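By written order: A, B, C and D. Residues from 1 in each chain.
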Amino acid sequence: MTTQVAVVGATGRMGQQVIRIIDATDDLSLFAGLNSRSELSEMIGADVVIDLTVPAVSQSVVEFAIEHGIKVLVGTSGWSAERLAWLERRVAEHEGAGVIVVPNFSIGSVLATSFATMAARFYDSIEIIEAHHASKVDSPSGTAVRTAELIGRARSHQGPVIAPHADQRARGQQVASVPIHSLRMQGVVARQDVHFGALGELLTITHETLSPDSYERGILAALRATPGAVGVTVGLDALIDLSGNAAE
Amino acid sequence: MTTQVAVVGATGRMGQQVIRIIDATDDLSLFAGLNSRSELSEMIGADVVIDLTVPAVSQSVVEFAIEHGIKVLVGTSGWSAERLAWLERRVAEHEGAGVIVVPNFSIGSVLATSFATMAARFYDSIEIIEAHHASKVDSPSGTAVRTAELIGRARSHQGPVIAPHADQRARGQQVASVPIHSLRMQGVVARQDVHFGALGELLTITHETLSPDSYERGILAALRATPGAVGVTVGLDALIDLSGNAAE
Amino acid sequence: MTTQVAVVGATGRMGQQVIRIIDATDDLSLFAGLNSRSELSEMIGADVVIDLTVPAVSQSVVEFAIEHGIKVLVGTSGWSAERLAWLERRVAEHEGAGVIVVPNFSIGSVLATSFATMAARFYDSIEIIEAHHASKVDSPSGTAVRTAELIGRARSHQGPVIAPHADQRARGQQVASVPIHSLRMQGVVARQDVHFGALGELLTITHETLSPDSYERGILAALRATPGAVGVTVGLDALIDLSGNAAE
Amino acid sequence: MTTQVAVVGATGRMGQQVIRIIDATDDLSLFAGLNSRSELSEMIGADVVIDLTVPAVSQSVVEFAIEHGIKVLVGTSGWSAERLAWLERRVAEHEGAGVIVVPNFSIGSVLATSFATMAARFYDSIEIIEAHHASKVDSPSGTAVRTAELIGRARSHQGPVIAPHADQRARGQQVASVPIHSLRMQGVVARQDVHFGALGELLTITHETLSPDSYERGILAALRATPGAVGVTVGLDALIDLSGNAAE
């Protein structure tokens, strides 16, 4: 059986990538591609809508889909905790509604963050280095901030990491007590190292993204999971089973 | 309450390290230190015996302990599958007997291997680089072989990794289809990188051991788990909870 | 003054890249683009010809240019020692003739190889790891072989590197006594690490190529050096001054 | 012929290391070991004096040696530009006087800094990461600061490196325009990475120190160079020939 997918934000870079993935996949079919001049009603009849718009538009797309009984995959970043709380309430009001929110489609990045979170309790020294292209204007990266926050949360029993002299200028920016160091260089695409140190040993988890092609696997896994979604699911990690018990 | 520990192999490097750990830990107490001239009966009365001998001796130490109702922590490497099967039978014959077998006391190494195993299903390109001191005579290292075997097992649904031209001399040695590359260099202590590659992205998990001090945490965790052991438990990974639900 | 450049092999990937560079550079002008159906006489009148053909064709292009008093930049790889000896003789026969042969236009790769050669005398443990995409059919890479050979030559007083148990399968392929380890993985473009080890310390020189754009600087430097070339010059390293005395 | 060496600061860690090196080396002999209770006159008769005291004492040791015609190797760090200017004047007043000042005896570190300086002109993106043990109180490290300063000097024609948004907290501390990022972690001894980025490529030079044994080679090279020293020589780099023309 083929899943009919409506793509909102079809003309953007990610929209085009999603359409290529749908075209190349037997069990997926493009129902409609919507852009900024489309009517939302064009998605009616699809099994799944994938929202790749901007935060300001995303909420109305999701609301329309829920009301018309269409399952939703949100690939727009920037869904805050408050907005997710609103989403939970809206979904609860519609029986059978299902929304998956995926801020990061990189399976490798999700694995790296999961491993870093698991290791966090076992090391008192933890620092993050992230490197991106010179044109990236903000620092630290969103992934580094999220990784540091998850490390902080995983250490609720152990307390803050040991980051001596963190006030010194060269010691980076602390997030949830974890120092983050940001490099901005020509020639780099995107890379993150999480360093863990303990007496006599070091553990490092590194993830590098070299092209947006790397999101394909995550997009496909999320698209395939959406028809069966019930309630609100956040993050690609919720869709992949790290225990190794089930098939991918 | 203090756990009384008998150390068999007390005069070796690891025996001395274990005795230092016991001395520095309030809830552990040294009951007896046995060496090659000791009678096994000297361990009678201990709560726990830790065996740090050689494979040829280890089996008789464990048997004696089981028969005298003493819980056992085996820190001797080289317990084969056949020997572990024998151990299972012996333990089953003695109600309440408990043996923990830990071939590698490095928590960091155990974490790195666990993460590599979890990541194995998501990447078709996987290669291991391990570097040790120039004086190490064998290659690949035992840890690299074990990591490759666990990766192979985790990929039972995906099949062998894609390792093109693995017959070429520079392409390393394949274990469970995973190429392993061994460096033997002055200045290196012990390091292992597991590299994972997929379309447009790379994930790397690195563990470095700089001193035997790094085994302390694993020895302590295992010593504390032994009094409560029932049946046969193999590996430090069975003693640590990666889910993050429980305290360490 | 503008240098008039004839490009032989104009329709290939590198030919197109060179034409883009010429178009974007004020002091360079495209005199003619020759392909496999062009007459060599189309280059007559150019100041410089850049040869980007295949080894079988390259020699006749260079001969024609020398005879017509045109300076030559050879960007075709595969010029053997014998062929270079022939070139030396031909150039000597024509007063004022000048040919620059550049097998590798990557300035970063040339720097990395130069540094590795300089460090070679100071370390007895030296091993090379090179990683390329899974589609690369040969191993070790040409750059790794050349690096190892230069290391071997630089160690003429020190002798072979110390590479214990190099006969073991996981220990890589030795070139000039230096073990080379080749990884072939999805997600990798091209990377080389040269590892140096001595008592208590490690030095590593790493070069990564992420896109052919990285050749631009080397192509430009070579094109600008060609009008002034006299005799035969081999390698980009001969065109850049590492002493730091002169401007780039 | 054996060189008679007087060691000032003989009871310190480095003094003891130097005495072990002298004992193990045929062409060197320990003439005298001086400590804080010794008379400086005890060095009279030595061929060479190595000063391993503290900055406050070092100057008087050097002055005494110069006046008594003894060649000097200064291994005390903290000789400022002003103090070196004073030293130049004092040495000029004594015909045949020779002083070698070596702030860092690590040959690997000196090589890494030399390579970084040579590469500096070819990359507009340059950032330094240095990692040391959690007990190190200052940041950035002296070696990182010196490396950045040499990079800045080597780029006198190119100008400052391109380090966007260097005012952001995670972007490290700039020295001579080069961002330096300092990690302070358990399990780390000492490591420095200099990262160079350009269009489509990355070059990285890494040096790790794992034990003070790594200083042995530099100490020995400096001790052997001191009898022939004339005038003031600063830095181990002045004693080693990177051109590869001479034997080590």
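Note that contacts are C-beta pairs under 8 Å (C-beta built on N, C-alpha and C of every residue); 3 or more make two chains touch, one makes a residue touch a chain.
What you see is a predicted model; the values in this text were computed from it and never measured.
Peer 1: Which chains does subunit A share as contact partners with subunit B?
Peer 2: Chains touching both subunit A and subunit B: C, D.
Peer 1: What is the chain whose Cα centroid lies farthest from the Cα centroid of subunit B?
Peer 2: Here the answer is chain C, farthest from subunit B.
Peer 1: Between A-C and A-D, which chain pair shares more contacting C-beta pairs?
Peer 2: Between the chain pairs A-C and A-D, A-D carries more contacts.
Peer 1: Indicate the whole-number Å distance between the mean C-alpha point of subunit C and the mean C-alpha point of subunit D.
Peer 2: Measuring from centre to centre gives 35 Å for this pair.
Peer 1: As a quick test, compute the distance in whole Å between the mean CA positions of subunit A and subunit D.
Peer 2: Computed value for the inter-centroid distance: 47 Å.
Peer 1: Taking each chain's centre as the mean position of its Cα atoms, how many Å separate subunit A from subunit C?
Peer 2: Once rounded, the distance between the two centres reads 42 Å.
Peer 1: For subunit D, give me the residues that contact two or more of the other chains.
Peer 2: Only 123, 187, 198-202, 208, 210, 214 qualify.
Peer 1: Sort the chain contact graph into one of these: line, ring, star, complete or other.
Peer 2: complete
Peer 1: Show which residues of subunit A lie in contact with subunit C when the two form their complex.
Peer 2: Subunit A residues touching subunit C: 187, 189, 208, 210, 214.
Peer 1: Would you pull the subunit B residues touching subunit C in the complex into a rising list?
Peer 2: Spelled out, the residues of subunit B in touch with subunit C are 123-125, 127, 129, 131, 134-135, 137-140, 162-165, 168-173, 179-188, 195, 197-202.
Peer 1: Name, in rising order, each residue of subunit A that touches subunit B in their complex.
Peer 2: On the subunit A side, the touching residues are 106-109, 111-112, 114-115, 117-119, 121-123, 154, 157-158, 196, 198-214, 216-217, 240, 242, 244, 247-248.
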